[in-house]
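Below, each structure is written out as structure tokens.
You will see two complexes here that share subunit A, one where it goes with subunit B and one where it goes with subunit C.
The block that comes next holds the complex of A and B.
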């Protein structure tokens, strides 16, 4: 096939992918701007010709105290990100650079927990948090990230630290660092691309999580944005255009964050000081 | 400043031994080179001294103190790596300051010592750069500075010049020698390069397959190699080894009978260095040889010669315009002959 043909096919494939990812978003926006009462069947042309921008303030008002919801969601997301980054990078460092008895077995066990679906551990985990008296607090949303982190991210950090080679860690230790100091002063700054990636994924996952808040949070003053979105559905008369307007509002910070960090996320850093 | 004593240090991984029990003492201010081919255990030994590896058995003593249980940071040693191991996210100044920051020195004295060290190594103009913007030689200079800045009691080098080009290597070799001459910090230096070993070391320890084969001054190990491994590892081109059978205190080589074997009879290996073989006009005690090939070394040539019953390499001046196929006469016996046991390879002292 000619180079031109290859380019054409590639463009077509990318257009198809872009369509698959963008269509739901486009649909969400078009429904969120249509007049009340059309349900999901309204045409985007009608919405474009006569956009009902007032759906947005209405949706916001119907969510309740959106400032409180935003504050709760931000608090949980930011603490989860911080906890996840610290725990996963520390565990990854230990599995990559600290020698201790049973290390490889322990690492295999950590990885094995990836095979267990979250739903399978939901009930024991709930019982555990109930025993600890943490139901209807942010504890169950944050503690798992702070105390365990995700095995997959531990794995990512471990691979990244292994790829840096043993000498940097040896140099740090001979220069006077213990393991903690070496992790904090040398390995963590070098892992910036990993920190951005893991941080972004964690933020998005926590921000968008409905399952955990739904299980643990009952008081309205502890509610999160996703819970508020879900409650649109539960009300007797679902106003689709308001629900999707609210969804668009909740989604906006995620998109903004992604596009701000995208360059960092993709650029990475060149680790050029060590010649292999 | 420190005296190091290694007592029966051994390291094995599972059932494979990386290092046989090794004992070695390094006196205060001494420069000892561990020399050997790759995989001989010299880096393992160095890392055990640094505290980065735990020995399977044996003791490491620093200044009369047993330090087996001490972490690297408590041993006050500095290590320079083959691949420099500079911190890529820190500037040159940041790299130099790091060991002092970790030790909690005051900012003013850190700055002063970074400046002094940079001046000592000619790094002043590079202080604001990141390692990625430096050449290999500059990076290794910074690594030297990072080791030197906190005045450790023991300097460890792990093949520090192996990644550098020939000119930079020679320059840094001289620099390391002059630093040691000035500061007299006890040094353990690992290399596979015999030129570095012989030029830098006050003593050289030759290692093979996890064992120290010989320890001595550069002259000793070169002039009186303890076995055939040391004999051929040092010197380029390597020493000629010729297996001979000795009868009545003599041997036959190149069709001539020679006297002067160290034993009355048995099998021995005769060693002679290529540069001790001289070409002469034919006479009663020259061996006639054919030039098989020659290699120009710049000023000198290495000739591969075949005798009637052996082959030899001779290193001679290249003022002779020799071509392969020519016949030459080699003076025999040369000034220095070495004898080794045919089975063990151990040195046999020549007859007085």
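The block that comes next holds the complex of A and C.
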């Protein structure tokens, strides 16, 4: 096959992929623009001919005070990201750069914690936070991230710091620079792509989390966007159009963030993947 | 650094504080009674204001129950945590469980002391909230008997009489036969006699009409194996499989799609309750109404109801009682009737035009009240959530499978229910765990983990090494504390719970020791085995498929061009969605009647597939859905591809190796560590998949998608059997740890590591 033929095939395959991955989203958008009460019956053509844009303001109004919801969700997400980045980069640095006994065992334990199903530990965790008096505060949402929630991110940081090469930091260490200083002033500045990668993952996970806010938050003034989204999904009835419109609204900031940070986000993964 | 951490901690605790703390002397009443969200809130706020005016110094807190994942989850956590909750709303099918666990406050003293209380102001449904002694524990919110909806236009067109009080199974069958048609003449039925409902409560009327019973009078033994029950289920099955006049698009939990009835393609719909009128108000293409269910050997129907109750963690039971009276009073009951929530339990509201609305369809709302003499609750002394779950797989089998021995399925249901009832009785005699044991196990495990870490870090020989150890100690401290408190502690607590019997409706101190009983039950529980099989099958297909697909995508999109960059973004975009939204979107895509996927298949000239209704098609559907979120894995592969040494591939090219040989011998070996990583992460993800089956299929059809995480959740939070759930968690953990370990061991043989540079 000629080079041109190969290129054509590639383009066709790409177009097919783009369609396959985009179609469900497109479908979601078209249903969100339908007239109320049509469920799935309508076609996207009908939605395109007569788009009900008012579904979006209606959905927004039904979610409650969206400014408050947004502020709460942003606050929680940003604090989670900050905490996660600090703790995971510290731990990742320790696993990559500090020679200590029991390192491999500790690392195996990190991975083991990923295997306990979340639903099983929910109640003991809840009782812990109750004892600490943190129910109906943002504490239970943020603390797990601040205290290095996901072992996966510790792992990513370890990979990244390993990939930076053994020479880095040696000179500084010989000059008497401590690990903490080296982590802060040499390694972290170089780890910008990984900070973005882990930051974005954390942001998405927090932004999209439903169960934790559902269980821990009770006061309406502390509600988050996903909680408001969940109230569209009632047992007997669902206004599908409004629900999907609301989903699209909640999704939009994530898409935006991803588009802006895409390049750095990918670089972080590239470096982590280059070193095993 | 430590300061930053402390500041974050303080901030995270501080920002959540309520703006105005109630003064110490102020009283609080916590109410969680969400009624179909939006519309009822104004009424609730009004009650709140009135109450606060009536009782100065009282602060009424209205909590949202929230839909989607687990309507009752929040109440469970509040009760388990001994947190104040004064009024809540429960489904009457849960009443037995709440009563049995001692989770409700007996309201009889308050009713007795109240001169304004008159039981006859309420319809007899209120008796469904009494215990064996006749004590009343709550008041009805709304209720609905199961009835039959019908499409008046379709019946008229087929020349069939409208159903009337006293119509029979034979007349029903005849009407269904007359209305089942192939309208567009393509050889496939597209207009059905009836769209049938399938959950236990909806099937119960058929059983009762045929003279059968679910349980014996004292709710001690199952009667599901008796011929009347078998006969009733055989009749329903015949509608679907022999007569072929029924379709099966109606299931309770899934209400997103417009059903056949709504689309004007089914003459009857039922047995089902009043709640559907809310959805059907949008129908303008035809006229519809409701009728009593057809009668068999006797007339009978089941009642669904929700009720306001006072849970045991109430701090203000007297005020809670007053609030319940107000909720079940004329004004709020009228509001609920106008919203269309169901029939109000208050007689005056039920007989008012708020409920018997002359304008809004259905025309015959009165049917819902007229059938009450022959309507019954499921026997109140049993945990119907648990029994319904136990029977779900067999019922689905009876109704959906092409081949099925109904008598055998009934016998198996009966056996399971008997076992359940027996265990419920035996529970009472178990010894209580010493108070505080679970907390102690938590603290001990967390402390032990920390101590172990400390010990292994501080024991060193040389000075230099000691310095390194100290550095590691400082660097790892926040993460180690977090792991000990949030993973190790809870895991130890769960491990101990696995040896106990405990319901989240009871205080934690009331856990009862059962030893290895939970594990013994796991060995014999066919549902658990099915669930394990489903999870294994899902992991065994979705993980490799995802791996290959993501690799293929990465290879396709690795070149640097505008097009591939754009496509990369599009492929990754679905991974940004929350699992809840993914499930919702796919609910639409997979819908067997109007979904996108079947639309595409039909256009390509292929047959439509009953994705979410067929035991064989549902797993592929889930695998397909998992493919949609493959973007993350693709990125990892892409990243690895970009980090490859281009010289190796170039050298192979110069040597004349073709595309395939280069891929197989040069590229893939270099990718193998990344592939292993994706494999391990994919495996963990596949075993933890929860939101999708929960929202899409509820584990069905049969047990085909009752993956372990879902079964664990159902056991703990729906059936309130937390010890059993903990035992499942232990097994899942062991299986995952073992398989990951095995994977890592095996990987040494086929994973190629580049010569290590540096450490």
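Convention: the second predicted complex is superposed on the first by the 242 of 276 C-alpha atoms of A that agree within 3 Å, B and C clash if a C-alpha of one lies under 4 Å from a C-alpha of the other, contacts with A are read in each partner's own complex, and residues count from 1 in each chain.
Please note the rule applied: a contact is a pair of C-beta atoms (placed from the backbone, for glycine too) under 8 Å apart; a residue touches a chain by one contact, two chains touch by 3 or more.
This is a predicted model, so every value here is computed, not measured.
Visitor: Going by the contact rule set out at the top, does A:185 touch subunit B (first), subunit C (second), both, or neither?
Guide: So A:185 only meets subunit B here.
Visitor: Could you look at A:171 and tell me whether it touches subunit B, subunit C, both or neither (first, second, both, neither)?
Guide: So A:171 only meets subunit B here.
Visitor: Of subunit B and subunit C, which one touches more of subunit A's residues?
Guide: Tallying touched residues of subunit A, the top partner is C.
Visitor: Between subunit B and subunit C, whom does A:52 touch in the aligned arrangement: first, second, both, or neither?
Guide: Once the two structures are laid over each other on A, A:52 reaches no partner at all.
Visitor: For A:144, select first, second, both or neither according to whether it touches subunit B, subunit C, the two together, or no partner.
Guide: second
Visitor: After superposition on the shared chain, which partner residues are touched by A:208: those of subunit B (first), subunit C (second), both, or neither?
Guide: second
Visitor: Let me check the overlay on chain A: which residues of subunit A are in contact with subunit B and also with subunit C?
Guide: 165, 167, 178, 269-274, 276
Visitor: Residue numbers of subunit A touching subunit B in their complex, please.
Guide: 165, 167-168, 170-178, 181, 185-186, 189-190, 269-276
Visitor: Which positions of subunit A touch subunit C when the two form their complex?
Guide: Those in contact with subunit C are residues 10-11, 13-14, 17-18, 21-25, 27-28, 31, 36-41, 62, 75, 79, 82-83, 86-88, 90-91, 93-94, 98-103, 105-106, 109-128, 130, 134-139, 142-144, 146-149, 152, 154, 162, 165-167, 178-180, 183-184, 204, 207-211, 214-215, 218-223, 226-227, 229-238, 240, 243-244, 247, 250-251, 254-255, 258-259, 262, 266, 269-274, 276.
Visitor: For the complex, give me every residue of subunit B touching subunit A.
Guide: Touch residues, subunit B against subunit A: 47, 50-52, 71-73, 77-79, 81, 83-89, 98-99, 102-103, 130-132, 136, 139, 146, 150, 156, 163.
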